[in-house]
Structures are given as C-alpha cells and as structure tokens.
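Labels for the chains are A, B, C and D, by order of writing; each one numbers its residues from 1.
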C-alpha cells in the first residue's frame, strides 16, 4: 500500500546509495525543511480558504467563488496581493523588533511541527519528550506577539500584546494539565508511543469521563492559546482595531496571519494525536470486519481527517460566539478550567492506577 | 397641572415673568432671572420640570433668544422658557448643573451662536474645529469657502 | 450547595453555547438558505421596481419630441440646485413667440433622488429611470443634458 | 528607539477611538483616558460629518426641507421625515386622510424594525460575534425591498409630503408585508438562540454600563436607552400622533438600566412593532393617500414643535416661522445627541471592551449626532 513511510524509506535508501552518510543527513535535513515550508504554505492556503467558506456558510453567504473553480484559488490571489504589497515600517517603531516579530512567530510555529506524527511511521523527530517539547515551544509564540505589540509604537498594539501575554500565560496551565491526563494514561511523553497506546481505542473513549473532560478543556485552552475568537482579545477587532498587528502590512502581516493558522493546525494536530488517536484508524472492540475496513483507509487520511475536524470545531466556535472580556477570560481560566483540570488529573490518576480504563 | 395653573404657579415664583398661553405656555424671562428660576422649576414638587428635551437659540438679527423646552416626566406638563439676549455680548447662566443634557446642547449653542454660558464646566467647541471663526447659525454669517451658493 | 450551584452554572452556560452552535451548524449544512445575490451576473433578471429612483430622464417619442415646456417648475422644486433649465424663445407656426426649453441641464452628482421635481412637473415631461450604475471616471460626465439635440415639444402639450 | 507612548504624568493612556474605528459605526471620535484596561474618561469630539442641516433648511421651502432629515438618522429616515411633515401639518392645521395615516404608521414601524434589526447585528458584532450581523441583514433586506417597491428608495425614502404620502401603496405591499411578518416570527427565536441566550453575551452585558433613572432623565436620554432605565418616554404612548392612540401595543420598560436591559428593550420593541404591523395590515382604509395642498406652502407666523418616536428616541422638529415660504429657524432635536452626552457618565470605570458594548447598546448613528 502506498504510504508516506515507504516514500521516506525509498528516498533514504536512494540517497544512501549515492552519497556519504553525513551528506545524506544534510540533504535529508534540507528536504525536510523544504517540505515543512511547503506544508506551511499549502496549509495556509487551505485553512484560510476553509475559514472563509465555513464562515460564509454559517453566515448564509456563499463565500469566495470568483477566483478559480468555486473560489479555490482565492487565497492564492490574496497571497499574491500580500506579496507584492509594500511592507511599511512606520516612523518611530523599534525596527529590529518590529521586523523580527513576524519571523519569530513563524519560527515558533515551525518548531512545533517536529514531533507530530503525520502518518504511520512518518514523523520528523520522534523525541522521547515530545509532549513536553510541544508545551514548551508553544509558549514561545507570546514573545513574538509581545515584540510586535511593544515595538509598533501604537497604543492599540501595546494593549493587544499585553492582553495576549496574560492570556497565553494563564491558558498554558490548562492546556498543560489536560495534556498531562493523557500522559498519565499512556504512561509516556513520546508521541509515537501515545499513538501506539491507542491502537485498541482512542483515549477520548477509553479514558471515561476524565479524558472527555480533559479533551473539552484542551479544546478551550487551544482556542485561547491560538488567540482565536471567542478569545481573540489580543486582536479584538471592534475594540483594538487589529490589536498587536495593527501596524503591520504586506508580507509581514501575512506571516502573522499564516502563523495564526499554522498554530491552529498544530494545536489541533496535537489534540488529534493525544485524544483522537493520531493516525490510528477507528477500531471498535472485536468487530474484526469493521476494523479491517478501517485499516484500509490510509493512516495519513485518518490523521488529517481528525485534525481538520478539530479545526472545523474551532472555526465553528469562532463564528458563533461573542468575545469575552479580559477579566472574564481570566475568570474562566482561574475559576473554572484550572480547578476542574486539577480535579480531573486526580481522577485520571486514580483511573490509571486502578486500571479502570479499557 | 393644566396650563392655566402652570401660568399662575409661575407668576407666584416670579411676578415679573410674562407668560403666553398656547399649546405650551411660553415664559419670557430676563437672563438675570434664569439662575433663580431654573432650579425652582426643577426642584419645586408641583412643577418638577426634570426633562430638558430641547435647548436652542434663535437669531432675530436684533437680539438672540435662548429657548428651553422643558417637560416633567412626573406631571407631563410642558413649558417653554425664552430669554432675550444681547446680540453683541450674549451671556446667560448655564443650566448644565441642573439638567446634565444641557452641557452638550450649550456647547453647541456656544459655537453656533456665540452665546457665553457662565459657569459652564467645559465650554469648548464641540462640533467645529477649534480655530473656527464666526458663528455659523447666525443670520449674518458668511463663509465664502464652505458655503455653496446655488 | 456551592458545588451544586457551580455545576449547574457550568451546564447552563455550556447548554446556551451549544444552542448557538446548533443554529450556526444548521446554516452550515443548509446552504440553500444563502441570501447572496451574485450581483453583476444577475443584472439581466434583477428587475428593479418601477418606482425605483435611479436618475431623472426625459422620455422622447419616435419623432424626437419631448413634453417639456420649459416652465422651470422642477428647477424651483429641487432642493439642491440639481436642475437648470435654459429657455429660449421660438417662433411657432402662427408666428407667435413662445418660451421653449433650450437645454435641460441635470447635475446627477448633486441629485438626491427625492422625486420632488417629478411631482412638480405639470406636463409629466420628466420621470425617474431605474438605471443605477452611475459611476464614471470624470465628474463632468455626470452633468447631463436631458433634451436631445434637435428635439421638439410634443404637440398639444401646454 | 521607541518614544514615549502618549502617557500623561499619572501614567494614564490616552487613546483616540475613531474617527475611523470599527466600533464607532461612523466618524465618531472619542478621546478615552485609560488606566490599564479601565476607562477613566471619555470625551466625544464631534463634527466630522456636520453639514449644518439646520442652516441649509433655512433656505429650503416647506416641501423641500423634509428630504434633508433623511440624511440625519439614516436608519430611521422615514420617521424623521414624518416628524417634519407633522410639524408642517400642525402649523397649517392640515387634516391627513385616514389611509395616509395608516400608511405612515406602517412605514414607521417597518423602519423601526429595520433599524433595530441592523442594530442587533451591529451590537453582536461589537461584542465579537460576526454571524448575527449577516443574519440580521436577511430580514432587513425584506423590509428594504418593501420600501423600494412602494417608496422608490431603500434608505432615504423621502416618502412623506405635507398632507400625506407621495405615492399610494404598491399592490404587492400587502403580500410582502405578510410574508415579512411570517418570516420575522420564525426568525426572532433564532436571534435569541444566537445572541440573547448566549452565556458569554449575558456576562458581557449584565450589570455593565448602568444608567440610573435619574441620570437618564437628567441627561435627556430618550427612546430605548431611557426606557431600559425605567423612564416611560415613548412619544407614541404619551403624545399619540397619527392614530397611535388607537393601537394596541406596549411600551417595554426595564429597571436595571444596564447594557442587557437596553438590548432587551429593543428586542421587545421589535415584537411590539410587529404586532402593530399585524393589527394594521388588514385594516388599511380606502381613500386618498394625500390631502389637497397648495403648490407653495406658507406657514403662519409662529413657532411649531412636533415630536415623533424614532428608533433611537425622541426626534423633535422646532420650526420658527416668520410667515414666509421658508422657515426662519429650524432646530432638530436629535435623540442621538442627548444619548451621547450620557456616554461619559456611563462608561467611567468600565473596561475598554465594555465601552464598545455600551456604545453598541446606545445605538448611536453619527449623522444624527452631527446633523
């Protein structure tokens, strides 16, 4: 059967046959880097189009439908427009920080790609502390936002950045706790092992109520961490015009824009890996026939299907709910999510020790 | 309170007020009587004019007239208070401490007619630019730049 | 007691959020409810109501005749000087000098489509057209002369 | 390097909200003083679209000046025109035919619903929910189509003339209004599902921006803004015009005076307007749609004041006539101007996000304030 893993192995063998092993490593790194950038570009195009279409359908509109068949090339045209636009650096900004911030945002998003298992045996870097790495790197994003907000020399940007700082720091806790429940259940920090532990069923089903609760908390925290509505306070359009990226234009703005969507993709991919079994097909108990049919579907389709389902849910939130206020946002975290998350991790530990999960 | 009662009550407060009956009674007062009359209208239990729904000025070329439209949300009677002002140096006591809505309305009249409101907390131009010359709603106002003559 | 309140608080909140999501989810799935009008494409069958006020026009018949006597009632009725009627004197068949319209100048850029000129016209010489795509590159193109060159007053219109 | 960011000595942040800002719905310019996220002071700067309509009207005839009020509160332009027509009719003691009165009331209520529906979408957008805005336009579009067919324009109709209305009703009017009533009955519960019941919306609006009854009266607030504070100020109830006295409808009143109450009062008002439509649509009397008037109207010498209830509150027209064909002085008492003056008082001590919610609940239309 055709798979990414076979393709990767093929390339590896071909290169080894031609080159010195250290050169192979270098070439492979470049290939991986290029494909990561390619994936980013592709994801950006797909996700922006998806957001526009999803929002349009929810808002009883048609959405973009002029450029290309059914508007499929709309984001390509938008990207082209942003590429050729003049990148304005306003007077009075801190040039180094102002110009650097979008790149930091992109780099933080790219780093997160490493431990994600895209398909069976297809992973850039299967490090043994994958989950820890993810939660560490995902908080780097706030640095980019703070840099952008501070250096813009704009009060709206500053307010947006400060809000974002408070928001991401507090929601890291809930996200961490809900990730921890799965670590407790799976007994490993390694992404591949977490996925492997779900061969007989996904944690969201296997882990009883605590895992389900953790999943909900994770979804909320993920929405907040990626600064999306109803938690988009750092760019709250009706209050702060565009928040931390008010002063950005052209490609620098596009990088922020792209980073936001990549972040959405990555948190959803992690959510899918931890709770929905990553690339694992859906298996139900002893229904051998059903399980076999499910195995026929390629693992990459399983992974992307689950991820895009979660992305759709997050978009659904965005286009339904009003925005919270800053104090309510922190209330939600410290008064509701964090206590529930703490009780939940106790429960899940009990479940894991007593072996009550399936 | 009917209009007749209202007129009688007003003349109790200040006999010098001349009141025309009409749809709504029109009280003509001196600008100097206003600082005393306005709180009385607002605070007196029988009158209780607590709602100032219109405040404006009319330029009669020889003089200006301040017009206050008052009503009571309790008794539902109306009163129009008018006060003649000198056109060269128009000045009257503010009522923004009695009816808060007057603050904005008086600022508007200040810039449009040039009426000075004594003791107004924040008498600046509200609508026009700060360096605007002249009073646009006066009858003799000419603006060759912004006015289009058809 | 406190815990009960806390939990019912949360369930109520989540319930209200789910209700909203159900509504948007319904519209996501029922795409036939979309109300978008694909404007430049549906130009042919858009069908504006006959009372729609797009611009003032002066209808002419096949003999290039209009009904405007040049009485300037419309000019007087117009609140913002949109219409300027330039009159001339014509000698008619009986040798009498008669006032007639020379140029009926209409400033579309000033017009607010208030319909007062059409109400004022005693001979129904002007009417509102449903054309609404007025944008041009030069403002001067919006100043129009409504009576066609060489056009005459229709017979019998006083 | 980064220069000092506009801070005053006390460490306050002064921000210009507007003239171009997504939340001000127009060119309102607010200078707000912030302490962190908390608003300390709001100072409106007006005049960006001041056209001095009052001065313009001094050179327009009594038939012409009506159209200009459409450009003030463009969302309830029809009701503004109504106020002007009433002032002229009052001065001329003109009797408006029964059919024209009913048509006027029908159009007024349709305009009110259209205005409130748009406000509902815009308020939800201010609070951060985008979808309701588009849903609101679906119903508004139906009303606009009705207006377009009968009045000839969608927004600035200029359908009122002294003594009646400009045209008779279009034959399709009955069917379209009935279709609208059916549709709106079906969609109002959806509005509640999307916004009213939403827990985020409730927590954003409850107890936020409280305007007490005394302050509402003192600041001259009117319309739903004042009724949310418990002031019964509906001109249609208190000083009925055009047969409003014969109709069955309620004046929704609330007690708290917070943003949520202002929201709820408007939601109830839409239902009341809908019930007025239902009462009238089958009972339109036959007859003239316009009273016979002279071609040139001359008002007697004197002063005339007419009041109508627009979607935003009390709209007053004060005409000073010298007996000529043009008014000597016209003053428009616009509801937005008085309501705006209460904004500073209400917003102090609230968060910057609340400022946007409160402004949304005040339903400010900037040309109405700037005139």
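Throughout what follows, a residue touches a chain if its C-beta (ideal position, glycine included) is under 8 Å from a C-beta of that chain, and two chains touch if they have at least 3 such contacts.
Because the structure is a prediction, the values reported are computed rather than measured.
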| item | value |
| --- | --- |
| Neighbouring chains shared between chain A and chain C, ordered by label | D |
| Chain closest to the middle, measuring from C-alpha centroids that were averaged per chain | D |
| Most widely separated chain from chain B, with each centre as the mean of CA atoms | A |
| Separation of chain C from chain D, taking each centre as the mean of its C-alpha atoms, in whole Å | 24 |
| Averaged-CA centre spacing for the pair chain D and chain A, given as whole angstrom | 45 |
| CA centroid of chain B to CA centroid of chain C, Å | 41 |
| Chain C residues counted as touching two or more neighbouring chains | 17, 20, 23-24, 35 |
| Residues within chain D bordering two or more other chains | 131, 138, 194-195, 198, 200 |
| Chain A, residues touching no fewer than two other chains | 58-61, 319-321 |
| For the chain C and chain A complex, residues of the former touching the latter | 10, 17, 20-21, 23-25, 27-28, 31, 33-36, 38 |
| Chain D-facing residues of chain A, complex | 55, 58-61, 92-94, 150-151, 153, 155-156, 158-159, 163, 229-230, 232-233, 236-241, 319-328 |
| Partner chain C, residues of chain D touching it in the complex | 60, 63-65, 67-68, 131, 137-138, 141, 148-153, 156, 158, 161, 166-167, 170, 190, 193-195, 197-200, 202, 295 |
| Of all residues in chain D, those that touch chain A in their complex | 1-3, 5-6, 13, 15, 21-23, 34, 37, 124-131, 133-135, 138, 194-195, 198, 200-201, 203-204, 351-356 |
| Touching residues on chain A, where the partner in the complex is chain C | 54, 56-62, 316-317, 319-321, 336 |
